[in-house]
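In what follows, chain A forms one complex with chain B and a second complex with chain C.
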Partner chain A sequence: MNIIGISAFYHDSAASLVVDGEIISAVQEERFTRVKNDKNFPTNSIKYILEENNLNIEDIDAFVFYEKPLLKFERLIETYLAFSPMGLKSFIKAIPLWIKEKLYQKEGIINEIKKTFHKKIDGKKIFFSEHHLSHAASAYYPSSFNEAIVLTLDGVGEFSSTVVYHAKDNRIDKVKELHFPHSLGLLYSAFTYFLGFQVNEGEYKVMGLAPYGNPKFKDLILKHLIDVKEDGSYQLNMKYFNYSIGLTMTNKKFQDLIGFEKREPKDKLLQNHMDLAASIQSVAEDIILKITRNLKQEYKINNLCLAGGVALNCVANGKILKEKIFENIWIQPAAGDAGGSLGAALAFYYLSENKIKEKKPIISFTPYLGPKFTNEKVKIELDNLKANYKYYEDEELFEFVSKKIMENKALGWFQGRMEFGPRALGARSILANAKSLDMQRDLNLKVKFRESFRPFAPAIMQEFSHSYFDFDENFESPYMLLVTKVKNNKNKTSDFVGFEKLKNIDTNIPAVTHVDYTARVQTVSKESNERFYSLLKKMNSEFDTPLVVNTSFNVNGEPIVCSVKDAFSCFMNTNLDFLVCENYILNKKDQFQ
Partner chain B sequence: MKDILIEFYLYMKERKKYWLIPIIIMSLIFGGLIILSQGSAIAPFIYTVF
Partner chain C sequence: MFRSKIEKNNEGIYDFGLNNEVTKKVNNFYEPLPFPNYSKDDDKRKILDIGNKNYLSQNFKKFIGYGKTVLEVGSGTSQLSIYLAVNTNNKICAFDGTYNSLKQGKLFCEKENIKNVDFVRGDLFENLFENNYFDYIWCSGVLHHTKNPKKGFENIIRFLKVNGYVLVGLYNRYGRILTVLRQLVCKLFGEKILFFLDPYLRLLKKNKEKNKDKINSWINDQYLHPVESLHTIDEVLKWFKENNIEYYTSIPSCDFEKISKDDEKNFNLQDSKGDFFLRLFRQIQMIFTRLGKEGGLFIVIGKKL
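So, the complex of A and B:
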């Protein structure tokens, strides 16, 4: 049975292919259109999926949309009704859009497919999954657990913002939930907005900014903005928020409470902003820890699955791990809405009448589910781009690359199938020397063109991760979703505040050590990514360095590169020194500018 | 249009929220009128509306 899962029309649209319960392909539309978080129907993604797998559109048995538009519309109407007559301005803007584009999505999907593939598909082939069920399925089925507690946390689905499921023997049963407008995701996004970052995109920045500040506003937040119960359930004080019916996330009362003005994107980041980021991060961690502790106590199940946008908060994930609340944790790397496309397809397959009676299979999950370019294809593309390149056999390629990394060169690393989800995991990555003192600043300013405060993550050989980081031996973190302490650091205490803290980092891997001496680690094994592992192995044997800086192959504001052409363009427009596309290496000095 | 109405009917039947029917109908009429008077429906980004 061929099932295509679709996420679209909100942000981060994507398509996934599941064949007889196996995950075959998954890709985000932004990678093709080059529009960050593209929300349009994933036409290019579906096209890629069909071509890659030699399928025609008629071969698809079901198209499953990742949420239920009618249920969402009901929430919208009920919200406007509850706040009436407030919210008229938002109502006037929202309702026509819903009527025109969003309400009858079945027809929308049929039309979009007809427009691209010139075939009208039967409406009976189109199905709708619930938003949080899609997230839950994306985390439970690819995990190795037969029984697990599945926690999904995000902004808002149809009605829910936080949902707990009990999953066992292929079944996923909802056991409790919290409803909109009370939402941890929206609370975090409200602070993201107030700090001058883009909602749905800047949450990473808030998380990265937090260690520069002190949680001075934490008590204020807990006293006025959110009431958190012992079991982790919570209620927001909507007096301070405007997102239910307004056109902004926060209101004047929020600003008055915080005591300073909302930051605009171009404004300088001040200590107050850092303190506010630290405060909301600390509140979010407390809530997530309370929820997970309570779930463990209540259900006494050893396995936890996480998904939903909030599950990308790797600092909070690291705290759950550190406290050893659950024996095992599995987090879907595409935890945001793109991953909903995968979950929708999996839920449709495994929750059908005959499958829930079967034993849950072990799906071998890999995040490398996107387009791949063979050496032949790479050569053709590079010739078309009039690039100057040299072919290297594997062994000499790993040797050359590791040498250049240790010479503090920054490289674009383009290998194999592209990753699904927001993290670059060694397929579309920029690699650099983790031991370099200046690399964090240089990469941010000269290559990524982004804020200088943002940290970089390490990718390390699996067997060495516990030597460098506070992980148990054999612990795996293959998707870069967990933050942990860097070992052997001097953890100098000093009077440095704010961005000055960057000068205080004293470890042997400063480029991947954040100012609070933590790192968001990717462990690499031969099984998870053989080529990347071979490179790290070479670095270790030649230079006693089993790790590198691994950051996404893109510049600020652009999606991660997908094709050779994208990679070449990014290479030429940044200060990257080398580009490594499969077995071809391009030196910047050899290119015509 | 017929499909939309059938789907709405089935949806309401399942959700058993019949009290919402007049409100939804009014919203649809109101929204339709706005579309007719504006010619297009372009809204700015509103986080929770989509």
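So, the complex of A and C:
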């Protein structure tokens, strides 16, 4: 059975292919259109999926959309009615769009497919999953657990914002939920907005900013903005928020409460902003810990699966791990709405009657589900681009690359199938020396063209992770979704505040150590990514360094590169020294001859 | 690249000289005040920022991609050529009749270590380049200042490869009406009145000292130019037809579905050229839009078949 899961029309549109329960392909539309968080129907993604797997559109048995638009519309109407006459402006703006596009999504999907593939598909082939169920399925089925608690934390789906599922033997049963407008995701997004970052995009910047500040607004938040119960359930004080009825996230009362003006994107980041980021991060962590502790206590199940946008908060994830609340945790790397496409397809397959109550099979999950370019294809593309390149056999390639990394060169690493989800995991990555003192600043300013405070993450050989980081031996973090302490640090205390803290980092891997002596770690094993592992192995044998800086292969504001052309363009427009496309290496200096 | 062998002179410029009288007249007009000029603190990054802020140059650069040969006809101080060259492996040829302007561009490239721009001084009516050599030709704001724009177009199009693209920018017969009227008023009452009538000059006037050069150049270019002609999209379409060029897109767009999206022009998609009445309407409409206020320049892009 061939199933295509689709997420679209809000943000992060994507398509995934599941064949007889196996995950075959998954890709985000932004990678093809080059429009960050593209929300349009994933035409290019579906095209890629069909071409890659030699399928025609008629070969697809089901197209499953990741949420139910009618339920969402019902929530919209209910919300406007509840708050009326406030919100009229936003209502007038939203309703025509809903009536024109979103209410008739079935027809919309049929038309989009017809437009691209010139074939009209049967309406009976189109199905709709539920938003949080899609998230839950994306986390439960690819995990290795037969029984698990699945926690989905998101902005909002149809009605729910936080949902707890009990999953066993392929069944996923909802056991608890919290409803819109009370949402941890939207609370975090409201602060993201107030701090001058883009909602649905800048949340991880808030998380990265938090360690520069002190949580001095935490009490204020807990006293006025959110009422958190002992079991982790919560209620927002909607007096301070505008997202239910308006076109902004927060209102004047929110600003008055915080005591300073909303930051505009171009404004300088001040200590107050850092303190506010630290405060909301701390509140979010407390809530997530309370929820997970309570779930463990109540259900006494050892396995936890996480998904939904909030599950990308790797600092909070790291705290769940550190407190050892659950024995095992599995987090979907495409935890945001893009991953909903995968979950929708999986839910459709496994929740159909004949699959329920069977013991869940172990699906071998890999995040490398996107396009791949063979050496032959790479050469053709590079020739079309008139690039100057040199071919290296594997062994000499790993040797050359590891040497250049240790010489503090930054390079684009383009290998194998592209990752699904927001993290670059060694297929479309920028790599650099983790031991360099200046690399964090240089990469941010000269390569990524982004804020200098943003931390970088390490990718490390699995077997060495416990030597460098506070992980148990054999613990795996293959998707870069967990933050943990860096070992052997001097943990110097100082009077430095704000961005000055960057000067205080004193570890042997400063480029990947954040100012609070933590790191967002990717462990790499031979099984998870053989080529990347081989490179790290070479770095270890030659330079006693089993880790590198691994950051996404893009510049600020652009999607991660997908094709050879994208990689070349990014390489040419940044201060990257080398580009490694499969077995071809390009030296920047040779390109202008 | 060239039809005949020529070496760079000691200032790094291929200088073919000028023979035509009208070209010399235009050259003499530009020679004293090269525009836009470079300031001491200008660098690669600044040129990139300026180019990236202009949707036309930014999208054209994306459209070109990499590994291509590009001719900019009438490059002046060659800021566009340099923008198209920076961070690419394209080979750009900045071609102009004004030696002093080219020299400014060359000096900037030397300072910034930009190696993929060649500077060529010559007359666009002469047959200087190899036929079918360039992948892209950019010729905007130039032909309407020549003695015979159509002939000029026919000459440069020879240098374009089959399947290559040409961008032509000309003053529009309808879109430039207000500027033409202001030219008449300027002749009667003097230049000062332009500071009240011209919206761009009104803007520049706010910081008169800083914008001194820009003001002079704008007045020279828009109101005092010795040679100027006006054209229509249909006229360019006729040139295209006679020279085996297929219409690709235009600004203003004449594709009914895209007429509201001129500022989001994506050169990766071919447009419909619309019908005569839509094209006429779109050109008259220029009078009231940004295009008219900025001198009434229209753009047509074509592909050589």
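We take it that the second predicted complex is superposed on the first by the 592 of 593 C-alpha atoms of A that agree within 3 Å, B and C clash if a C-alpha of one lies under 4 Å from a C-alpha of the other, contacts with A are read in each partner's own complex, and residues count from 1 in each chain.
In this text, a residue touches a chain if its C-beta (ideal position, glycine included) is under 8 Å from a C-beta of that chain, and two chains touch if they have at least 3 such contacts.
Keep in mind the model is a prediction, meaning the values are calculated, not measured.
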item: Combined model on chain A where chain B meets chain C, clash or fit; value: fit
item: In the superposition, chain B vs chain C on chain A residues touched; value: B
item: Chain B versus chain C as contact partner of A:591, first or second or both or neither; value: second
item: Which of chain B and chain C A:578 touches, first, second, both or neither; value: neither
item: Which of chain B and chain C A:76 touches, first, second, both or neither; value: first
item: Which superposed partner A:197 touches (first chain B, second chain C, both, neither); value: neither
item: Which superposed partner A:94 touches (first chain B, second chain C, both, neither); value: first
item: Computed vertex angle (chain A) for partners chain B and chain C, CA, steps of 10°; value: 80
item: First, second, both or neither for A:241, with chain B first and chain C second; value: neither
item: Partner chain(s) touched by A:104 [first = chain B, second = chain C, both, neither]; value: first
item: First, second, both or neither for A:469, with chain B first and chain C second; value: neither
item: Chain B versus chain C - smallest C-alpha distance in the overlay, whole Å; value: 12
item: Common interface positions of chain A, toward chain B and toward chain C; value: none
item: Residues on chain A engaged by chain B in the complex (per definition of touch); value: 9-11, 39, 70, 73-74, 76-81, 90, 92-104, 106-107, 123, 155-156, 180-181, 186, 189, 199-200, 243-244, 247, 249
item: Of chain B, residues touching chain A in the complex; value: 3-4, 7-8, 11, 15, 17, 20, 23-24, 27-28, 30-32, 34-35, 38, 41-44, 46-50
item: Touching residues on chain C, where the partner in the complex is chain A; value: 65-68, 87-89, 115-116
item: Chain A to chain C touching residues, read off their complex; value: 384-388, 565, 568-569, 572-573, 591-593
